[in-house]
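A, B, C and D label the chains in the order they appear, each numbered from 1.
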Amino acid sequence: MFASPGFTPPYTVSGRSALVTAPPWHYAGWLLNIAFGFDAARGADLVPPSIGRTIGRMTGQGCMHFADWQATTDGSELLDPVQAQYRETIVVLEIERADGSRCGICPAIWVDQDVSMLRGLLQGWPKKMGSTWLTRSLPLDHPAAAPLRAGTRLGASLAVKGRRVIEAEACLTGAAGRPLGFLAMPTLGVAGLPDLREPARPPELRLLRADIAQPTTSGWHAASASLRVFEHPREELALLGELQPGDASAGWCGLTVVGARDA
Amino acid sequence: MFASPGFTPPYTVSGRSALVTAPPWHYAGWLLNIAFGFDAARGADLVPPSIGRTIGRMTGQGCMHFADWQATTDGSELLDPVQAQYRETIVVLEIERADGSRCGICPAIWVDQDVSMLRGLLQGWPKKMGSTWLTRSLPLDHPAAAPLRAGTRLGASLAVKGRRVIEAEACLTGAAGRPLGFLAMPTLGVAGLPDLREPARPPELRLLRADIAQPTTSGWHAASASLRVFEHPREELALLGELQPGDASAGWCGLTVVGARDA
Amino acid sequence: MFASPGFTPPYTVSGRSALVTAPPWHYAGWLLNIAFGFDAARGADLVPPSIGRTIGRMTGQGCMHFADWQATTDGSELLDPVQAQYRETIVVLEIERADGSRCGICPAIWVDQDVSMLRGLLQGWPKKMGSTWLTRSLPLDHPAAAPLRAGTRLGASLAVKGRRVIEAEACLTGAAGRPLGFLAMPTLGVAGLPDLREPARPPELRLLRADIAQPTTSGWHAASASLRVFEHPREELALLGELQPGDASAGWCGLTVVGARDA
Amino acid sequence: MFASPGFTPPYTVSGRSALVTAPPWHYAGWLLNIAFGFDAARGADLVPPSIGRTIGRMTGQGCMHFADWQATTDGSELLDPVQAQYRETIVVLEIERADGSRCGICPAIWVDQDVSMLRGLLQGWPKKMGSTWLTRSLPLDHPAAAPLRAGTRLGASLAVKGRRVIEAEACLTGAAGRPLGFLAMPTLGVAGLPDLREPARPPELRLLRADIAQPTTSGWHAASASLRVFEHPREELALLGELQPGDASAGWCGLTVVGARDA
């Protein structure tokens, strides 16, 4: 075993081709957040006892986030946006810890860029590839603009390997909204990967909490929403049963990940 | 020869699966526009005499547009944004007509959705598939947000079949900008497709001008910009030689195409 | 109206950037063909009277083709295969003409490259973009190779805009198979596009039959198959009702399109 | 720290949504292999001392592989080939170890499916996403088929984030070929990822050698080849300088990874 010269593979002298460079990682994006209720007992299939017992009791509350992100490390990605932009669907389930505090845990998340996928795995977010679409709100009065005002309707969807897994619709109420899901509570990652030398041995996992800096939002815009989850042969979200959409909000937010600690 | 029951293929009874439905087509998007100068003589390779003579004389001015669009017909696409959103790179070259008026002509344009490609061909915009990336400006004060203020830098690129063809950078000046390219002058399409029964006979072409309704903008933000074009075995933009970037602007705009007329 | 210097847009002097060049177009690929029966009356929704009456009576027989193509004009595309390769799902419905002869008509077809999409529209094949996957048979004895022998199972699927529309499975019987669908009968295209100057006027359509040269196959391998079609908000294939899979075959074939004539 | 119930994230009870399941992993594909010489001293930029010293001395020989794979675990992926198929470009550099034996090391590799990317990282192959195209040889006598015979020409390319990084051409000689690169010598992985709790601490790396079972080929077909590498802002392959193409071969091969051991 020896030390690496870079942060992630490929491990070269310059580290220039490393897929991921060390934090800070700056993110800013447009998000649609839809809180939902579900049968708490069903969550145990997605967050198994060995993890769930460690952190607490499912509350039967969760949140779906659809995000159109822009991310950068040193600013260079914003000049070459194929390096910066990606879309993401995030599922967060709420847990009540022994001390009564609440946190989120992420049983499923999909992105469409490799950089984001690996950054997620390092944080304990179980990222896979998926295709997210999310209506944007443009500051225009035009039939295609979906401006931020009462009555504007937004849509969102996730497809994984060419099958639709989630679809959502939201209608802005015109009132102020609030942060939801991972925007409203600390959300823990479950980090760890198997050792291929011993494939039969379960990987050792560790709960992580990201250190966040520079959180900012444009303010949130409240919405009513609907949410559908479809069966998929290699996804398990449908195990949660019917989701009861609750509060929803849309808006822009920024945050910076500077590292992580044990949670 | 017989009449079709729908607007474009496939021609079914309901027309529901038609790739394109009849206008009006509503578009709203975020655009980066970069005017450029070039050697007017070189434009003749891209806009050949049979077309160019019809409309006038190249001025040696052009514009590159990078656009992140949202489009809808009856609003339904905004609820299922995989149907609504696409990205586009548009090249417009300016022509002076016999009467001294100026118009634009489009020698190259690339989109990433089939619906947009066929709508373009019907309008005489020579759309092919390409992958456009464009930094977005988010209303946040955050390192990843590229907010609308002096000093913010934006990037844009186009790749066609996995080769980079265009890349651009822009820096907002903080001043108000102005519309450029197709936003500033009528731009003509060259409509017409070959008849496969007589492949050796040149297609009959027709100059079209779209009828535009509901034009709107958020106001334009001035920028300085750089622009590079790369050789590509099946693209001809590099025939224009070196491009001298001029005025640039970024902002949101909306417009609606309701039809077209002879130009 | 004036003559074009090239075959398809963009119309430049050299024609080098034209999306499609004039035929001959050479195609070779690996195909899975699945014949199916359906309620002939339901076909009328997909092939409306104005077309259907022109050519005859639905027989209630059809065929689904999944294809992994390689196409070239002058050979250059085979040296840069991003220009040559694409995947396609083709639906063909059989018609009995007044003289008792049979032909096919294509109510739906999806490809994943722009060049193929436009070549299709010129031939009257109503191509849209879709994502086709098809198990390949490799000449190896290995668990991942799906070799050409009895008991080998193949899968195929089509997704359109992130929704699965068709899925199929096939199991090779070990017997020789036969050509099906467009491989077994002339299949007509319905060519024509609207004129944007008069969007309310139905496009004038024309039945075309491609002139095919150099047809060749590796021989077909018989299979049993299953076939499922799913509802999709902008596709109409599900209107055919339940499909009864019949004969199926897999193999390689080549053909060259040299032009088209009225049918 | 606690044990996981599954093999890779997401860690659920059933493990059904895990991106990767435990080996064996079966692979079969069509490959183009191009050996090349390069200035051995330049390899040190790609395989830094902390790794290179561990294993030996660069020989100035390497190999580029372009592969069109089909992979499966329990056979289910072959029935749903969006789960099975991916394309890959692999670079292997040869090392002479202290005992005079030779092995390969992989400084760069790109795939187009997430499952393959994570399987690679577990094996110590530094996979990122990239778009590989490779002409296929079909068993037909047709201009688009590139059949296996003297004079047939094949092309291959890799694009990363919309920029071409590698392109190759090969011409079959008609003679038998031989295995090259990772097909001809054991190739070591460099496994290990950073711990986000201590981002400044270099990850601990480990050399792995995969345990391979069921190797098989269709026989290799010799070719002459050319190879070009292009500069890319986030790739480092061009650091190798000019590559001198040597032997090349094309053909089908299968192999099964059952685990890995320290190397």
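Before moving on, here are some points about what is shown:
Note that in this section a residue touches a chain if its C-beta (ideal position, glycine included) is under 8 Å from a C-beta of that chain, and two chains touch if they have at least 3 such contacts.
Everything numeric here is computed off the predicted structure, so don't read it as measured data.
Listed by label, the chains touching subunit A and subunit D alike are B, C.
Although subunit C and subunit D share one sequence, what matters here is the overlap of their interface residues, and that overlap exceeds half of the numbers used. Subunit C has its Cα centroid 39 Å from the Cα centroid of subunit A.
For the pair subunit A and subunit B, the distance between C-alpha centroids works out to 34 Å. Shown for subunit B are the residues in touch with two or more other chains, namely 80, 82, 131, 133, 157, 159, 162. Considering their complex, residues 26-30, 70-72, 75, 78-82, 84-85, 131, 133-136, 138-146, 153-157, 159, 167, 169, 214, 216-218, 252-256 of subunit A touch subunit B.
Those residues of subunit D whose C-beta lies close enough to touch subunit B in the complex are 131, 133, 157, 159, 162-164.
Against subunit B, in their complex, subunit C makes its touches with residues 1-14, 16-17, 19, 22-23, 44-48, 50-51, 54, 80, 82-83, 107-108, 113-114, 117-118, 121-129, 161-162, 190-194, 196-197, 199-200, 202-206, 208, 210, 233-236, 259-262.
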